[in-house]
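If you scroll down you'll find the structure; I have some questions about it.
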Amino acid sequence: MNMDIEKSITSNRVWPHPEVVEDLAQLRRRAPLTHCITNIVVTNFTANVLLAAGASPAMVVTIEEVADFVGIAQALLINVGTITTTDAEIMLKAAATAQETNTPWVLDPVAVGALKFRTAIVGELLKYRPTVIRGNASEILALSGVTGGGKGVESTDSSVAALPAALELAERSGAVVALSGEVDYITDGKNIISIPGGHEIMTKVTGTGCTLGALIASFLPVTESALRAATAASVLFATAGERAFKEAKGTGSFAVAFLDQLSTIGVG
Amino acid sequence: MNMDIEKSITSNRVWPHPEVVEDLAQLRRRAPLTHCITNIVVTNFTANVLLAAGASPAMVVTIEEVADFVGIAQALLINVGTITTTDAEIMLKAAATAQETNTPWVLDPVAVGALKFRTAIVGELLKYRPTVIRGNASEILALSGVTGGGKGVESTDSSVAALPAALELAERSGAVVALSGEVDYITDGKNIISIPGGHEIMTKVTGTGCTLGALIASFLPVTESALRAATAASVLFATAGERAFKEAKGTGSFAVAFLDQLSTIGVG
Amino acid sequence: MNMDIEKSITSNRVWPHPEVVEDLAQLRRRAPLTHCITNIVVTNFTANVLLAAGASPAMVVTIEEVADFVGIAQALLINVGTITTTDAEIMLKAAATAQETNTPWVLDPVAVGALKFRTAIVGELLKYRPTVIRGNASEILALSGVTGGGKGVESTDSSVAALPAALELAERSGAVVALSGEVDYITDGKNIISIPGGHEIMTKVTGTGCTLGALIASFLPVTESALRAATAASVLFATAGERAFKEAKGTGSFAVAFLDQLSTIGVG
């Protein structure tokens, strides 16, 4: 990593950092209704992750209802993982409505750069100014104009290598960028917060990245900044992942323990 | 609660009530093929809940096949949770076919009243006379003409407060109404059966309501009345939920234990 | 079973057969990108099964991207379980592209024979020469022209009874046929490999058949023959199923333990 960038990392954030503790308490108190337009692989896990943490997930995915529901919801997630022709129209309408109604929203540009159709739609979505963009190194590199050779949704670049791209993307887009990897980095283009922890086994359970994007969305309406929302969600994921690994006998029991940890962290 | 209504509660039903034991035995013996047209969040969990209890779930969701499959299936569930333009057409065809072929069916009007499109479609679906309508207090209130301020799929009203609405809806529609909440109530407009039990943690696992609707559908062809089918499914859910909570370390292990309980209750 | 057929069973295959051990090592080393176009009930479980075993799953399901992604992926699965009008077009394009690009692919003809629309589409798909066809007895019988009275996705015929149909189908189509049942049989029309093991509880967890089809696809690019790929996946499933049953308290914990076993078998 470039030394200048390394120096600009404001802080490491781990549980129980007082801001994260406070933000989680707010999430549980207010249970923000989070509108998730996400991929067909992770719908169930996304809802269960949000419920475990304390938010209220809802999936509303038809063109007739999407604008109304963005208006009702406190936050929105758009994840293009399994985007279809119809989804594209719905996502664009949801993003436009979020901008109009000042509903904070997260864009998860799964596999952007690897496939033309979604790359074009993500380009359109960016015009509606997401509050947060969450992605792995390949995706953040692709969005910043430097293709990373994306192999589907798996990151093939280390997160630290994509940090300059994350900074550039944050500055240019005005979004907070949440860059996921062995270490997570959250940046608003000036500050960089690094979040160590988690466990490699998380890459062997589908949706640990996609559901992080959803949880960031849930935190947006209950925290004082998007930087703080993305940080809180990432710290919870890293901590729950680390603790769950200690209880797990394999990837199946890891996923179960991960939800258990999210639903009990800081309780009692 | 209105005193008159309170008096009209015929009975409390808990496991192992002999009728529920008998109906579960029938379900396991006959493994009714249950056609589920449900939302994208709970498809997997729905299939696993039905298999655990002893039914045979199947999802057939294309306009070319839906009528044929309603004819083959013993029961049908229609859950509008993530309804789309295409789904609406399929659901209407399925409901029409169910009426023509005397296939018993359950309507789960998720978030009805909160969003116009689904509210209109649910209105159309009601014309095909569902055998059972299952919903939370907000949804039952909305269907009975009294809006309950639905916040997505979460109930914001207590179930007992919606009991007059449930009675009215049952009388007017001819359907048995299964009203879910801290206590579940089942009514055919005359009798009211109350089902205590379950556990609050069930609201933190997605699909515990939606899958109850599916299991009620599975019981319809193997019990002597819709009242009894809805009661059997609700008692099983309440009992499995209560027992699973005792084994759970959080919401993840709760969901696993819930399926374990459904698959073993009354066995051996 | 016909005596001639019984004699032609080349061998029983169980873990740790050296070929299966070697093929699993290859799978984990190369993590083949496996394009899954599958049904809405099992998307999440499919991804988790493939990740647990060591492959890289990806679902790309829109007409604009499907051909590009078949070109990128090392293998393809097409499972028609919840086929829709739109899916049919996507599946045909994917299969055509797989044939053009020599991408090995698995066809899982769920409930073929029971419903006209999917039966016609499966007929079309067969023209693109799947590398492997995986199905239960009813489905293999239906494809070979002898209807087995399919009741949705559940097999109503024993697998051994469908062995002559499997041989005939393999010869005629040029595909390896993986016939699932109490005993699994894999045949290329000449050799027959039988795979005992597994456990009846696997029929009570949704997707144990569908995800086997996906795992066979993952093995295709890393093994020396389709016969060996189908065998390796089937042996892993049988072994993981048998072991998981010993740890399970019901169907919920079985599914969790099954993933645990897949992710740890032969490790350390």
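Here the chain labels run A, B and C in written order, and each chain numbers its own residues starting at 1.
To be clear about the criterion, a contact is a pair of C-beta atoms (placed from the backbone, for glycine too) under 8 Å apart; a residue touches a chain by one contact, two chains touch by 3 or more.
Computed from a predicted model, the values in this text were never measured in an experiment.
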Checklist entry - Between subunit A and subunit C, two copies of one chain sequence, what rotation angle (nearest 5 degrees) aligns their Cα atoms? => result 120
Checklist entry - Can we say the copies subunit B and subunit C touch using the same residue numbers, with more than half in common, or are the two sides different? => result different
Item to check | Between subunit C and subunit B, distance of the C-alpha-averaged centres to the nearest whole Å | outcome: 33
Next on the checklist: Show the residues in subunit B shared as contacts by 2 or more other chains, in ascending order.
Outcome noted: 40, 43-44, 255-256
Checklist outcome for this item: As the complex stands, subunit A meets subunit C at residues 39-45, 81-85, 87, 111, 114-118, 151-154, 203-207, 248-253, 255-256
Checklist entry - In their shared complex, at which residues does subunit B touch subunit C? => result 33, 40, 43-44, 47-48, 51-52, 56-65, 68-69, 72-73, 86, 255-264
